[in-house]
Amino acid sequence: MTINIMEVIKAIELVGSSPQGFDAAVRHAIEEAKRTLRNIRRVEVLDFEVLMENDEIKMYQARVKLYFMVERG
Amino acid sequence: MTINIMEVIKAIELVGSSPQGFDAAVRHAIEEAKRTLRNIRRVEVLDFEVLMENDEIKMYQARVKLYFMVERG
Amino acid sequence: MTINIMEVIKAIELVGSSPQGFDAAVRHAIEEAKRTLRNIRRVEVLDFEVLMENDEIKMYQARVKLYFMVERG
Amino acid sequence: MTINIMEVIKAIELVGSSPQGFDAAVRHAIEEAKRTLRNIRRVEVLDFEVLMENDEIKMYQARVKLYFMVERG
Amino acid sequence: MTINIMEVIKAIELVGSSPQGFDAAVRHAIEEAKRTLRNIRRVEVLDFEVLMENDEIKMYQARVKLYFMVERG
Amino acid sequence: MTINIMEVIKAIELVGSSPQGFDAAVRHAIEEAKRTLRNIRRVEVLDFEVLMENDEIKMYQARVKLYFMVERG
Amino acid sequence: MTINIMEVIKAIELVGSSPQGFDAAVRHAIEEAKRTLRNIRRVEVLDFEVLMENDEIKMYQARVKLYFMVERG
Amino acid sequence: MTINIMEVIKAIELVGSSPQGFDAAVRHAIEEAKRTLRNIRRVEVLDFEVLMENDEIKMYQARVKLYFMVERG
Amino acid sequence: MTINIMEVIKAIELVGSSPQGFDAAVRHAIEEAKRTLRNIRRVEVLDFEVLMENDEIKMYQARVKLYFMVERG
Amino acid sequence: MTINIMEVIKAIELVGSSPQGFDAAVRHAIEEAKRTLRNIRRVEVLDFEVLMENDEIKMYQARVKLYFMVERG
Amino acid sequence: MTINIMEVIKAIELVGSSPQGFDAAVRHAIEEAKRTLRNIRRVEVLDFEVLMENDEIKMYQARVKLYFMVERG
Amino acid sequence: MTINIMEVIKAIELVGSSPQGFDAAVRHAIEEAKRTLRNIRRVEVLDFEVLMENDEIKMYQARVKLYFMVERG
């Protein structure tokens, strides 16, 4: 990882969901973020949750913070 | 609440103000957010503050985190 | 408040809701708890949330911890 | 999710275990809770642990908080 | 707000009470502080509590931190 | 400690009191819990407090979380 | 405990020391506070430390927060 | 500081870097933010880090939260 | 688990990595620790991260705290 | 540092400011405290902030906790 | 306490146990640490636990962080 | 930064001191760590303190966590 002196990193918070499990929920948040962001460096997991519906597991959720490099025009 | 598998939720942090009280400060942050965002699901109160001016209460403030669904074009 | 040496206090966590505001959400949790518990001493507010529906405020929520005296048979 | 004004939600804390992994440990806690509770809405993961025995992984553990609707008789 | 270079701000912690609600409990702490302090700038709410007596709400309490300018003689 | 795969552990929070000191306050909470619970595994101390009356120490208090095995009928 | 509507409680933080143990360190902080304060209601233990000298235990320390009623002249 | 009733403040999180030290890392994050934002009011330092390369200090980093006024068109 | 009165437990913090997922990252940290430590009792997960490279997931990381019995010579 | 058995330490919280940087803001809080206090032992930095005015850095601020020995008359 | 400019302090985390109480559990962790370390300066208590066996108190445990001076060869 | 699949990172906690300021205190902890460790990757600042002597600043202190790659023999 080359560190550019003028680089600034921004952090955003997303919640990803998956019916398959927590790892997949994190991956889903990253996949969605990549639709609009480039240069994601690091993704912190803030917490995990399970959503229930009719007393069955409906969705695994991961709240994550993504750090990405701010690009200049 | 129907949970779409492909749904990703984003969180942003705002500070709302009102001279009337804490509930109104939260509502004001939500009102302002609705000017540019749709599909707000949940609003967490992070903390409350009172701003003083000449030793009188000037404004009640609420720092909130809003969770809203990211829409696809 | 007379403190009985043999007294033990138990804490439980509830989430109260109200369309009117945060104070009412706390009161609602207490009202509900009183249906099954006696001797509630103290109620801590853990956090506040607002639930949205169709981008309108649907409900104010308060997560609270209630401390009540455990009674002996 | 229809929010009933009179609804109160209760939270309890469980530790689920599984020799298979963290997701399974969370599912096990939910399965056990469903033996006595209905209307579980949301399950927060508080933390994960691994128990060792003779320096081998014996069990994955998940400490979770379950939120369920309190029913009236 | 003009910021004086030599200004130092001090913080103190109070608990205000009111039978009316949380906003009033915060206001009461500020009113009391103003009896002996000048130049209060900001009041952070640390947490809210409800005190019960005979299973009725007796008092709303707010634990607050007040920041005020230290004056020189 | 034999770990049963199907075992689920539940946590509850109590406040124990004693005029003698903090260790005794923890022991009192455990003694009281044993009147209704079996298979307590571990007791975490969450915090300690002293209650005063007429400016004398009235009671040492310990807020604890008890983890016990959920039994099946 | 009679709760006076106009009552405001103030909190201060002290560190008490004792060569005998943690309970004594808390008591020492309370004894010292009583030299200048009246109407202490509650004392929270924030944390405990041991100070060493020449690799021997020199002193047990308790950092405490004392809540006392503010009196009016 | 004149507080406009209708004002809403937004918070974003950035990581600034500098080979010179922590103060410069904070200043760098602010400089970068000013390229796209106006009306920054307050910048909280969340934490500091040092990045190493070949066991030499490569960069001082500051994770900051910037609060700025949301403007209306 | 037989608890020896003279037993002292030490805790160390490691970061394990795996391209496969979070469970594997935890297992990898444990495997590495077992190369030099015996009698590991418990492993707490402190947090999870994902490292990205060229906007692809490069590695799942788990920061863990391992508790192991200190042996005497 | 000689530890007197009867010594009690008090903690107060100040916010120091400086246009020069964070170290100077801490020093300024200490200088101000020394105008009225003796026997300051230790100063913890609680957090750092930057105040902006017209989008320029106006002041570096440090919130600190000072521990000082309580003297007897 | 003479502070040597070149001094660096290291922190380690231990869990001490005793059947007698929390103070003794802390002392036990210190005694064990002294078998291999010199120049321990300060010991922070991180938390206390009680281990149960057959629903009886088996052991008081204290998780502590020890700070000691790193010596040079 | 090439990430080796088999790499495990260890974290240790040090307190560095300097009479010059907080940045220098962090650098001093790193310099000391480099006497015995290689492959330090990242250094987190946990907190800053100032030690006083005769009411003068004696030393700036930084408590840091160093992350370094564990090497295999």
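In order of appearance the chains are A, B, C, D, E, F, G, H, I, J, K and L, and numbering begins at 1 in each one.
Assume contacts are C-beta pairs under 8 Å (C-beta built on N, C-alpha and C of every residue); 3 or more make two chains touch, one makes a residue touch a chain.
For clarity, every value in this text was computed on a predicted model and none was experimentally measured.
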What's the minimum number of touch steps needed to get from chain B to chain E?
1
Mind checking chain K against chain L and telling me if their interface is mostly the same residue numbers on each side, over half, or mostly different?
different
In whole angstrom, the CA-centroid distance of chain C from chain L equals 45
Counting in whole Å, what is the centre-to-centre distance of chain H and chain I, each centre being its mean C-alpha position?
34
For chain B versus chain C, what separation do you get between their C-alpha means, in angstrom?
24
Roughly how many whole angstrom separate the Cα centroids of chain I and chain L?
21
In chain I, the residues touching two or more other chains are 12, 22, 51
Name the touching chain pairs, please: which are they?
A-B, A-D, A-H, A-I, B-C, B-E, B-H, C-D, C-E, C-F, D-F, D-I, E-G, E-J, F-G, F-K, G-J, G-K, H-J, H-L, I-K, I-L, J-L, K-L
Complex contacts: residues of chain C adjacent to chain B
21-22, 47-52, 55, 57, 60
Tell me, which parts of chain F touch chain C in their complex?
12-19, 28-29, 32-33, 35, 51, 53, 58-59, 63
Flag every residue of chain A that touches chain I in the complex, lowest number first.
22-23, 26-27, 30, 34, 38-45
Residues of chain G that touch chain E when the two form their complex:
3, 5-12, 65, 67, 70, 72
